[in-house]
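Multiple structures are listed underneath, in structure tokens.
After this come two complexes, each holding subunit A, first together with subunit B and then together with subunit C.
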Partner chain A sequence: MQKLDDLLLALLENPLNVVFVGVLLLVVVLCVAYFQQFLFILKNLSRNLVRSIMVSIAVMLLVVVITLVWTVTAALDQVTQEKSKDFKAIATERFQIPSQMPFSYERELSEGAVRRPGDVTPQDSMSWSFYGGTIDKEHLTRENIVFFFCMEPKKLLRMENDKPISMMDDIDQLSTTDLYLLEKACEEMEKDPRKVVIGVTRLEALKKRVGETIRISSLNYRGIDLDLEIIGSFPKGRYGQSAVMNRRYLNNALDAYNRDADKTGTPHHPLSDKSLNLMWLRVPDTKSFSQLAEQIEGSDAEGHQRPSPFAAPAVKLETASSGIAAFLDGYRDLLWAVSYLLVPSILATMALVLACAISIGVRERRTEMAVLKVLGFGPNHIMSLILGEALLIGVVSGLVSSALTYAIFNWGFGGVNFPIAFFPTFLVPGDALRWGVTVGAVTSFIGSVIPAWTARSVKVSEVFAKVA
Partner chain B sequence: MKDEPGTVLLFILPPSSFILLKERHMISTTTSLIFLSCSIGFLVFMVLLAWIGRVPIKYNLRNIIVRWPINLLVAIAFTVVVGMLVFMLAFVNGMYRLTAGSGHPGNVIVLSDGALDEVFSNLGYRDVSKIELNNLVQTDDRGRKMASWELYMINNQPIPNAVKGGRHNRFLQLRGVDDPVTSGEVHGLTLYEDGKWFSAAGVEEVDKVNPAAIRDLTVAVAGDFADPMGTGPLVAGRRVFGSRTKQTLGQAVLGEGIARELGQDQKKATLKIGDTFDIGPKQWVVVGIMKSAGSTFDSEIWVKRDYAGPLFGKTGHSTCVLRTADAASAAQLATDLTTNYKESAIQATVETEYYEKLNTTNLQFLVTIAIVMFFMSIGGVVGVMIVMFAAISQRSKDIGILRIVGFRSWQVLVSFFLESLLLAVIGGVIGCAVGSLGNGYSATSMVGGGGGGGKSVVLKMSVDTSILMLGMLFALVMGCVGGLLPAIFAMRVRPLESLR
Partner chain C sequence: MAAESIVRVANLHKTFRRGSELIQVLIDLSLEVPEGEFLALMGPSGSGKTTLLNLIAGLDSPTDGTIEVGADIISRMSEAQLAKWRTRHVGFVFQFYHLLPVLTAYENVELPLLLLPMSSSERRKQVLTALDLVSLTDRLSHRPGQLSGGQQQRVGIARAIVTDPTLIVADEPTGDLDSRSAEEILNLLVELKNGLQKTIIMVTHDPRAAVRAERVLHLDKGRLVREAFHGTAGFNDPNHPAHRDGIAQPAGLQGTQDTGIRTEGGGPV
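Then we have the complex of A and B:
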């Protein structure tokens, strides 16, 4: 029931969905009001049950594809859409990918490089360091590799007045049980930096369980191998492949490496001054963001210079959406083709299948339509019956298909597994129900409008002349 | 259909489509052989049946023409599905060709141990310079070892005059090299005629008008310039000139693809030699354009490592590519370096194998295409089924008459089955033709090994014979699946009952 409640709440979040539910209710009311006609449509569909089922299956399968495609593209659109309020800004090295800044930048960045009265301070901040390694150095495979986000555990999750507070997207969407377990894990990580949380999917690949200890041979921090204890896991879905450790553990290990290097007279670790990969800063609005960017980058919108405290390397501040858009740039043609070629092709196929089925149905029932006309049915009435048949099959198939897609992918598979940029999986949104119904309705209308017009134009004299 | 225009008609010879599937690791050898044998055997059998036996083919053809509106809808559905399949496979094929065209079988690529991608590799931990001294590494005409020492970097560059609401930054792939001539030889890259590799310093000095010291002479009449001090640049209708200073520009050699991409910023078709652009905090001048089409180098900017590295806080090398005599020598060198080189932990891979590993993204796309096409094909199958079932129910009297005049039930089955196949072939041929329109188009994509990193590439979509045959085979399979059940129904029609 909890999941159903979540689905309904997610659906009603969007005003478009509320309108959609309203329209759906109106349709139900119309069906009740015109119950006889509705029954007539149902009877017509059941007369050739094989054909109706085949069309329904085709529509359902095609709606599945459309739902999955739109799940990915809508999510990417959402994360790359500029927000105007309460959004995250990302501070990274200005020109280089991957960004590698000295950890000494962390404090000043978290305070927004405030130096003058009136300067903006971020509402919250979060530092990110990336530590990657393998549990089997001799036999390196994709399965035995794990990448850790090194951060402050309390920024991952803490509870304030029974409300989950997190800088990470969608953490607050976890179930109550998962939130409780993750909060406890964060507290433990704070106390003992050796303790880590790893996503369920990654744990399965590593063939490890919560409670086990692992030794990571680092791939990027060469010579910094860490012993870790797994004390919790992220559920399947967005963070299923993720892993988090306390940033203090990595920093302490780097310090220890450098202390040993000092003793032996060898160089410090090459990444000891490059261990801060990025910072997230929460800002209330675009004005604050612009001001903050000026404080950090050292110039304002008019190009007036003010010295930046971050010179070598230089730092840039951009909105999360802009930063993500740059990473997705490599996929822009692919996403264009999916949106403007693949989806229309699927819609066209659906409309054609429906058109075939409805056209044949109309041709087979020409005599019957002539009889209806004789009995007093008007041309528009006949047309609406044919359109009703197509819409009923399209809408019901679309609704069932999108609901099943939502349930099977979100609850069964933990989301749509299509790794693109740094998004491993995508959860099918509650909006999918609206998509399914809309796609079913629109394609069935397009597919049936010509056959319905043909049925409207049936001439009684011609039909009976042939019969005679 | 640039490769072989007539190949679309060879739908009864689908072996290459199986080779394609096999090459893309979509099916195992055994499965492909079984599938191949069954399909060929079945098609040959059907054609023979129609040829030897008395099958009313003309009757079916006439019916297709008479019932053209509904048959046209089915054919369009087939066209859409097959066209989309061909188009999407052309994209993936372009990616495969790109990665295949980037590696040389005689080259060995050396990265630091554990690095999953060049961008994560750092050969600067300990001394690796001796790897080029291996006897298997070839020597060029100048007596130098054919070793390309490189520093691969990705630069996050603001886009000049970015459109509001559009993207503001782009990632530029920089390859800092020590000796561009040797690196060009190792990678088999040459420059277009008017270009040159960058100098030993990797920079050049040019005159620059110092804006702070500009003294402008405004001329009353446009075009009538008083220019007592010589030639100054024309700015907004005024001749301005001032004290000149020397400006240092980094020299860059560009791949063809990135030259086109950067050219768009300056409203040009492509950047040309002498054009300038920004990378990081510096300005660069184009000194050469590489003949790089069809390789990942097409999206790269080559610069002097000693100059570019420090600009981005990078020293040392990420990559070393060594040229050996042949593929066997390359394999031997790769094994030798990985196991026996003790100065520093490195991993050496034959370059072609390295680029094959970058096909993980391609495989991901291919699997996605297979799933999407499976679902789309259901649409085509259902379309054929609906039409054929309707045809049979309407033509039950025809079937009865056919049986009475001597056609046997299996002949009726073949007749209706071939009718659905014919619809599939018509839709398939048109679909292949429509999908082939994508051939030669450029598109951006990412190739990667799935472990992070990856390269942004510009690829050319490629429709080849295998893809066209796969498209036709796909159409035939849809026709078979959709037509078989109705044909069996037609076969079971009882003549006398149908004529009552």
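Then we have the complex of A and C:
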């Protein structure tokens, strides 16, 4: 029920969906009002049930592919879309990818490198250090690797006046139960930095459960192996593959490594001054962002020189969207091809499949069209019957297909597993129902226009001249 | 007093194009059909009788000339207007029944009523009345494939009369039936004419069907060439030359009358 409620709420969030539901209800009312005609259309479809089912399956498969593609591209579009209010900015190393800044930058960045009166301070901030490792270094596989975001637990989730506050996207969308459990886990992580939260999908891959302890042999922080206790999990979905650790634990481990190095006279850990990978800063609007960028980067929009507090390495501040877009730059061609070649090809294929099937049906029933005309059905009636048959197949197949895609991928697989940048999985949005129906309706309409026009133009005298 | 004409055809021409060739199917044809008449159209293949029937039924438009049915000049109507007009004014009976295979007998008869503003209870009443008239109330839920040829044609007739049309047109309604079923169908048409005062125009090749009509018009090469009336000598004999698809009228043919129908030459038939 909770899942269904979530789906309905997600659907109604978008005004387009409300319009869509309205149109759908109107169609249902029309079907009831013209029930006999609707029944006639249904019976026409049932006359060659195998063909109708085959066409329907073809449409459903293509809608699945389109839904999955759009799930990924829509999510990426959304995160790379510039916001004008209450958005996050990313501070990273200016001239190097991956960004590796000294952790000493963290405090000053979180305060916005404030120097002068009138300088902007971020509303909130979150630091990320990436720590990756394996639970079985002898037999390294994809399954036994885990990748941690090292951060302050309270930035993951804290409750203020019963309202979830998080610097991580979509954490506040979790169910009430999941929010409660995660909040408790964050409190525990704060008290004991050894405690971690790992997504259920990753736990399944690791063959571990909440309550177990693991030892991680690091892949990027060589020599920093950590003992961790799993005290909570992220549900399936966006964070199903993610893992979060208290940053204090990594920093303490680095300090301990360096202390030991001092004792033995060996060099410090190579990443000890490079452990801050990202800083997230929340700003109220674009003006504040611009000013904050000047404070951090040291440039001045009015041409006045202002030294940056971050010289070596230099730091840049971007909006989250452009930051993520920069991460996605490597996939740009792939995403372009998917959006502008694959999807239109699928849509065209769908329309052609429908056109072919409906054309065969119309040709077979030419005499019947003529009989209907004799009985008083006008050309537009005939046309609407054919369009109705196509639309019924398209809309029903689209709706069923997108609903199944939503249910199977979100509830069964925990999202579409398509690791790209730092997005491991993508949840099929509630909007998919609208996509499925719209795609089904539009392609079936396009595919059936010519056959419907052919049916409309059947000349009674010609048909019966041949028959009689 | 003679009944008022319900169908008035004047100077009708119909030409079809086949490739670059123009084929004149009907040539300057005029006729009138009084209300309540049962008229048979006969003639050899290609004589234009089905074309004439289609034109009177509003299924096609003439190349020239006028066709009036009741108060409507249908020769000036557009395709959409004709479709609307047919719903109310014409019931069509086909040689091959042409029932929709996915629909039951009841639904087939109901089909034309879906185009009229009627409640479902009114529709039901009318469908049951029509099926009762053709004695098929026990086959309501049978599909065409489950009915004999004669039964299918009776459903076809019920479908033709369900809207209580001005005119019933039948294109060789007995052409696909055995003699017994054909006799039943012809009896039914006569009953409709006598009991409900329906005007019926029937195309037929069958002299036995033609003798059931009140008047027989013979067409040849697009012109009316002969006319015979019920009650005149020899009319009730199917083998009488009056009912043959002959081209030339035998001299002194009994049962034929000059009714004022004029051929292209202007002389009486």
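Just so it is clear, the second predicted complex is superposed on the first by the 465 of 468 C-alpha atoms of A that agree within 3 Å, B and C clash if a C-alpha of one lies under 4 Å from a C-alpha of the other, contacts with A are read in each partner's own complex, and residues count from 1 in each chain.
Criterion: contacts are C-beta pairs under 8 Å (C-beta built on N, C-alpha and C of every residue); 3 or more make two chains touch, one makes a residue touch a chain.
Everything numeric in this text was worked out from a predicted model, so none of it was measured.
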| item | value |
| --- | --- |
| Touching partner for A:209 - first (subunit B), second (subunit C), both, neither | neither |
| Subunit B versus subunit C as contact partner of A:191, first or second or both or neither | neither |
| Winner by number of subunit A residues touched, once subunit B and subunit C are compared | B |
| Touching partner for A:349 - first (subunit B), second (subunit C), both, neither | first |
| Touched partner set for A:107, first subunit B, second subunit C, both or neither | neither |
| Interfacial residue positions of subunit C with respect to subunit A in the complex | 50-51, 54, 57, 59-60, 79-80, 83-84, 86-88, 92, 94-96, 98, 100-103, 107, 110-112, 114-115, 120, 159, 163, 171-172 |
| Contact set on subunit A toward subunit C in their complex | 36-37, 40, 43-44, 46-47, 367-368, 371-381, 459-461, 464-465, 467-468 |
| Interfacial residue positions of subunit A with respect to subunit B in the complex | 50-51, 54-55, 57-58, 61-62, 64-65, 69, 82, 92-100, 132, 134, 137, 140, 142, 145, 147, 217-220, 222, 270, 274, 312-314, 316, 318, 322-323, 325-327, 329-334, 337, 341-342, 345-346, 348-350, 352-353, 355-357, 359-360, 364, 418-419 |
| Complex contacts: residues of subunit B adjacent to subunit A | 69-70, 73-74, 76-77, 80-81, 83-84, 87-88, 91, 112, 114-116, 119-120, 122, 124-125, 153-157, 165, 167-171, 279-281, 311-314, 345, 364-365, 368, 372, 375-376, 378-380, 382-383, 385-387, 389-390, 393-394, 443-446, 450-452, 454, 456-457 |
